[in-house]
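Take a look at the structure below.
Should a chain be cited, it is by its letter among A, B, C and D, assigned in written order, with residues numbered from 1 in that chain.
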Amino acid sequence: MGEINKLKILNDPIYGFITITNPLVYDLIQHPYFQRLRRISQMGMSYLVYPGAHHTRFHHALGCMHIMQKTIQVLKFKGTEISEEEETALNIAILLHDIGHGPFSHAMEHSIAESVHHEAISLLFMNRLNDIFDGKLTLAIKIFKGEYHRHFMLQLISSQLDMDRMDYLKRDSFYSGVAEGNINSERLIQMFDVKDDMLVIEEKGIYSVEKFLVARRLMYWQAYLHKTSVAAELIMTKILKRAKELTQSGITLPASEPLQFFMKNKVTLDDFNDDVLNKFSYLDDFDIVSAVKSWQFNDDFVLSELSKMIINRDLLKIRMRSEKVSKGEVSDLLERFVKISGLTEKEAEYFVFKGKIKNQAYNKTGEPIHILKKDRTIEDVVEASDQLNLKALSKPVTKYYLCFPKVLLEQAAFN
Amino acid sequence: MGEINKLKILNDPIYGFITITNPLVYDLIQHPYFQRLRRISQMGMSYLVYPGAHHTRFHHALGCMHIMQKTIQVLKFKGTEISEEEETALNIAILLHDIGHGPFSHAMEHSIAESVHHEAISLLFMNRLNDIFDGKLTLAIKIFKGEYHRHFMLQLISSQLDMDRMDYLKRDSFYSGVAEGNINSERLIQMFDVKDDMLVIEEKGIYSVEKFLVARRLMYWQAYLHKTSVAAELIMTKILKRAKELTQSGITLPASEPLQFFMKNKVTLDDFNDDVLNKFSYLDDFDIVSAVKSWQFNDDFVLSELSKMIINRDLLKIRMRSEKVSKGEVSDLLERFVKISGLTEKEAEYFVFKGKIKNQAYNKTGEPIHILKKDRTIEDVVEASDQLNLKALSKPVTKYYLCFPKVLLEQAAFN
Amino acid sequence: MGEINKLKILNDPIYGFITITNPLVYDLIQHPYFQRLRRISQMGMSYLVYPGAHHTRFHHALGCMHIMQKTIQVLKFKGTEISEEEETALNIAILLHDIGHGPFSHAMEHSIAESVHHEAISLLFMNRLNDIFDGKLTLAIKIFKGEYHRHFMLQLISSQLDMDRMDYLKRDSFYSGVAEGNINSERLIQMFDVKDDMLVIEEKGIYSVEKFLVARRLMYWQAYLHKTSVAAELIMTKILKRAKELTQSGITLPASEPLQFFMKNKVTLDDFNDDVLNKFSYLDDFDIVSAVKSWQFNDDFVLSELSKMIINRDLLKIRMRSEKVSKGEVSDLLERFVKISGLTEKEAEYFVFKGKIKNQAYNKTGEPIHILKKDRTIEDVVEASDQLNLKALSKPVTKYYLCFPKVLLEQAAFN
Amino acid sequence: MGEINKLKILNDPIYGFITITNPLVYDLIQHPYFQRLRRISQMGMSYLVYPGAHHTRFHHALGCMHIMQKTIQVLKFKGTEISEEEETALNIAILLHDIGHGPFSHAMEHSIAESVHHEAISLLFMNRLNDIFDGKLTLAIKIFKGEYHRHFMLQLISSQLDMDRMDYLKRDSFYSGVAEGNINSERLIQMFDVKDDMLVIEEKGIYSVEKFLVARRLMYWQAYLHKTSVAAELIMTKILKRAKELTQSGITLPASEPLQFFMKNKVTLDDFNDDVLNKFSYLDDFDIVSAVKSWQFNDDFVLSELSKMIINRDLLKIRMRSEKVSKGEVSDLLERFVKISGLTEKEAEYFVFKGKIKNQAYNKTGEPIHILKKDRTIEDVVEASDQLNLKALSKPVTKYYLCFPKVLLEQAAFN
């Protein structure tokens, strides 16, 4: 295929069109490692709450690249020099920043692929692709790892106001219909500049930053940490845990071959050779959901009950509140459920459990969002803002949850 | 759960909110038969062209119900009497009108479930649900089958300007980002009226009808019949055909149990007893895509090659044009491909083939879209319009395609 | 005209359609007192900053009525009884709540029509219309004045989360293109309820309220109090002051007859008999701008210079900051300008002056926005929220400005 | 002001942001000749039908420039060389293409400024500005006049698919809320190319062209030629005619000085020296509407009655239909109105009259829209399209109207 045919235009309901301006980028997108992202949902099981939220990590990655292109244009217009090689590297780095995500990442990382984080796998994929493409990704990887001397380039990829966050807030808001998360990415992009090798926002963009942080907070509580999504994700985690447990005890569950592999073996990051990476690359939402579908009919009561919950959207009840859940509350419910169900306590714990979730719209201890003031000095956005508002957004919020089966509903004291 | 808790509000990025105003409707949505629609994509494999097009038949069905509610409000406001019972029946009929869709319907109907149309299965599901819900769906079914005495109610469910078409055009346009298909459903709804038991559009809405028909035509050629989508669907059909062929020759392919069932048995509509219907209800996109993923590694060259094409989006080339493809063109390419690949001619026909597709924005021989003129007479929209435009839209357009492997690209004379 | 023909539908780019469902409402809209609002811009001179901001008080009033209709529907659906008579009264009260606005209200109220507030004039118009329409507005006026026994009805018209604020934020955001102000009015409306005769928001709507307050704050600083808009408004105030001053000193300036009247006479609220009210009703943006256009060529230097600034958008410079402007800074600039221009100090003060503006997104001392918690108790939104964020929004923010002619720019120490 | 400060960003609700990338462009926008466009409505009196349609020629001109910038980017990306000088010239030419518009152009051209077309005045303004800016507009003027050797540049400014049409359709649709006119300008821009010095659209953009032409047709019948807008414009024309008639008979009507000038003098294009051009530049909507407001109270019955109609939106009735209006119908109504009103027949003709309007979405006899086929040949869009649809759009549609006072309504046979 001629190089000219690799300059493609893709429809995007959010930005109108996404342009692929570079043949290498085109080839990376075509690679099966990247195409698999078409089969991995960006918002996990949020579609059980927001039926429109079926967009994929594939689309998000393209969206990030699009706003990277726009941002580079703005920075160059304002006088920052960025070479063609750096431009391509930035596009590649953002395109691949999430390539290490598996299906239902969070649930996976808390069950089957314990403590193997997707960032690490992203880097493995990038290195593998760098081999395949004759070292053409070297600069992209350097930037991604924070080893390139131009610091602002890392900030474009990964910071408290990076391409990733801008695209996912906008995209998740768009597809879920949670209008509260719709940020003005175009304005934010227009406000970007580079000063002393730092990514900064012009002072007049301060309200847009504030809006961005508020939107992020709202998306957390209304979408990402919506109690029903949280419940679904917890159930999925329990399912995968149970499936791994049964597999390791010698029972063979129906599952695709790559999923079997990860259920049978305790894979750590050190085990990720090319072969394991390939196996991982075959995993996507279809392996998990298909397995869960078939597990509905499994002999194991715990596995089949939890599986039915996901498939028929008939979930555990969840209560969320600002105060801690006491051990007494849990043991009380457990006891009752043991009595009703005839399960052992250990089994019942798959249905009755507690935990906490935490969110912070802006992290004051990390690298700040920098504001470029009119007098050309730089200030942390929290200091530059005219009131308490952003200080408030820096405060972490913790919520506590308690999950239990519907059958305990009438009896549950907890409200 | 109390009846009051069944009056739910769902986020929809298109209409803002979709309201469930009736406990029976709520219960139908909760039923596994309906929940399965969450796992069936509305636009099949169009996401290979439009990466945002991952919305589901579940969401579409809810959207149809939403505009049915709005339409009923308008008709009542204009003086048409609609009882509460009829209102619920209309909501149910439109909610369930597509419940019989299987995964990748078109490909399925041309391979595994030959000549079993989704409309017939929808009716089977409705009858089954009517049993489960003690006959409460009787009126909805009567309307759906066209047996109710108020004809306009059938037209709301199924006609050339029904709730189904309005929602899918708007929804498919929204998620794919093909702006050309975005119709003004709100205005169309405002223009609806009933005259002599016929669904009509007020004369001043005639331009909106025209826009609707043009939008439908554009969506056909830009989205539904986009050559890449067509190619993907044809490949999927070939895959399922091959898989069935192999299965029936005694080879066991990896596949979920319900998919196995439909590959092993030649199921006609007469065979659809409750048990078969249940089996069918377990089938969704996840069964098909998971199977295709595993078939990539199958020993059968035809099956594995075609499967890889879908999974890695590395499709057959397709040419589309207004003139017929001659037998000579096909046999020529076939011959070359046999030579290159070493396949038998019969096998090679899975990779080189021709066909045609047809579309007509408005069908002049079917029941027309009625315009209510200012003098209260009724006219076919084509007559009422002031120019040739709609006549043109009534003309069927046929296009001819030719598919072949990339390897033949340089050699292909066909352009 | 038949009553049936008064049930009209109007296009609105924001809500799609606005429906007039009542013949009396139709007649009120048709009245010249209301039609004049077509000629009064909603955002004053903001179009000098945001070129799209030319929408009118007419459109805003219709928009308010639209969301009133939607809100009433929701409240009734949730069980609050609202009679047809009350419904019409609510529609009328919100439709007319701003009818007393003159052109460039703020500038007028600080110059020509000193200390005659538009709320008071709104009431005068309503009373006059009540006479004309045989007392049919009596209930609407009672609600508007807070004299009706159902308190929540007043809250719909006038409170910290009323129809007025919801429409103007959304509308001003839409037309100006300041996306930060776009609130999710549809969701807010869905969350409304009435408890103990109080307008409340369901607890799960708390994030939308927060978003609403943040949006309001952002619109203040980015649009309403944008420094260029503020400068334009201050210049307009100075022009009208100067024109009045000259008129009262016996000079006749070109101006429409009604404008002449208000420049010649010191009109207080007590003077507003029917005749004065009629004269006031003839005043709109066209009187003011036409006068300013002709004053560009007036002999009075102050008047002509300031007028040219508005017409050619060549404004005074304005500096805004968080710290007070000292008298010294002003007298310094004044002195220099007197020297350059040869004006008297009194005249120069039309070009060099200081002041302050204040804004508060949420007023903690007024009637709060009430949240209806899940246990059916009511709480102030600031208490109900999970963090400091809303407390921050209650803090008033004050900014100080200094205006001066461009000619002093290089010399101005102030930055 | 430094050159760097002239690179400005303006909010636009349609495109997000409009960027001024050139100091000369900035200076032209700042010039009073251009600033006056802020006071000239783009859609004349359409706001009487669509209350949101208050956008201005100022905003439209900026919008055109924005899409010109985008189009130039696309053409350059596809390999067409465009020098920086040409780029600036194209931006200027499109920015100023409509600068010759007076207030309510159409009504003006049919009354006060008879047969002086706005295109001619645009050129006068450009020449004048070229003098002021030391010949820097020479190339822009050359392109505008079609005298530059690169033909496609003229086509960008003026053709059947130019920047002007794309922006006004999108903008008028946006502000009026007539969704039917919303075209996909972004996609059209992506499809532009230059072949043999001709502006062409790539073949795969053919449906977007079709949609564009349909949208244009719909905007004509739903917005520009909406019967109420037509009636308002006809009344405005009659008012201006009457005012001119009275003025020329020696009566002095209240009016601004520049309006007086054009009512007193029969100005032809030849009379447009710098002084007349300056006078013309002072005219805007405010002169006309202010005059009409004051004429409501004039002694001349014809003038005052017609003026009240506009101000209070209480218009003449208008009937539109496909068949000609006979002389008999008019004389019949005239006779009755003379009897009722006591006016002379000549006066009555201001209230009872007929006429016709015509529209054609695509002009087959003019320069066609060129389609660039895949084989790199060029074809007229009508030939390239796959069906009759576009042929239909080439057919001119004529409608006939009859206007008369409401008082004749019951008696009017015409329906």
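Quick note on the criterion: a contact is a pair of C-beta atoms (placed from the backbone, for glycine too) under 8 Å apart; a residue touches a chain by one contact, two chains touch by 3 or more.
Owing to the predicted nature of the structure, the values given are computational and were not obtained by experimental measurement.
> Which chains lie in contact with each of chain C and chain D?
A, B
> Farthest chain from chain B, comparing Cα centres?
When every chain centre is compared against chain B, the largest gap points to C.
> Weigh A-C against A-B on C-beta contact pairs and write down the one with more.
The comparison resolves to A-B.
> How many degrees of rotation bring the Cα atoms of chain A onto the matching Cα atoms of chain D, given to the nearest 5?
180
> Calculate how many whole Å lie between the centre of chain A and the centre of chain D, each centre taken as the average of the chain's C-alpha atoms.
Here chain A and chain D have centroids separated by 50 Å.
> Whole-Å distance, chain A centre to chain C centre, using C-alpha means?
Going by mean C-alpha positions, chain A sits 43 Å from chain C.
> Measuring centre to centre with CA averages, how many angstrom lie between chain A and chain B?
Distance between chain centres: 32 Å.
> Where in chain A do residues touch at least two different other chains?
Correct list: 16, 187.
> Please name which positions on chain B make contact with chain C in the complex.
Result: residues 9, 16-17, 186-187, 190 of chain B touch chain C.
> Along chain D, where are the residues that touch chain C in the complex?
Per the touch definition, chain D meets chain C at residues 10-14, 16, 30, 32, 35, 38-39, 47-48, 50-52, 54-56, 58-59, 62, 174-178, 256-257, 282, 286-287, 289-290, 293-294, 311-314.
> Which positions of chain D touch chain B when the two form their complex?
These residues of chain D touch chain B: 179-180, 182, 184, 187, 207-208, 210-211, 214-215, 217-218, 221-222, 322, 374-375, 386-389, 391-393, 395, 397, 415.
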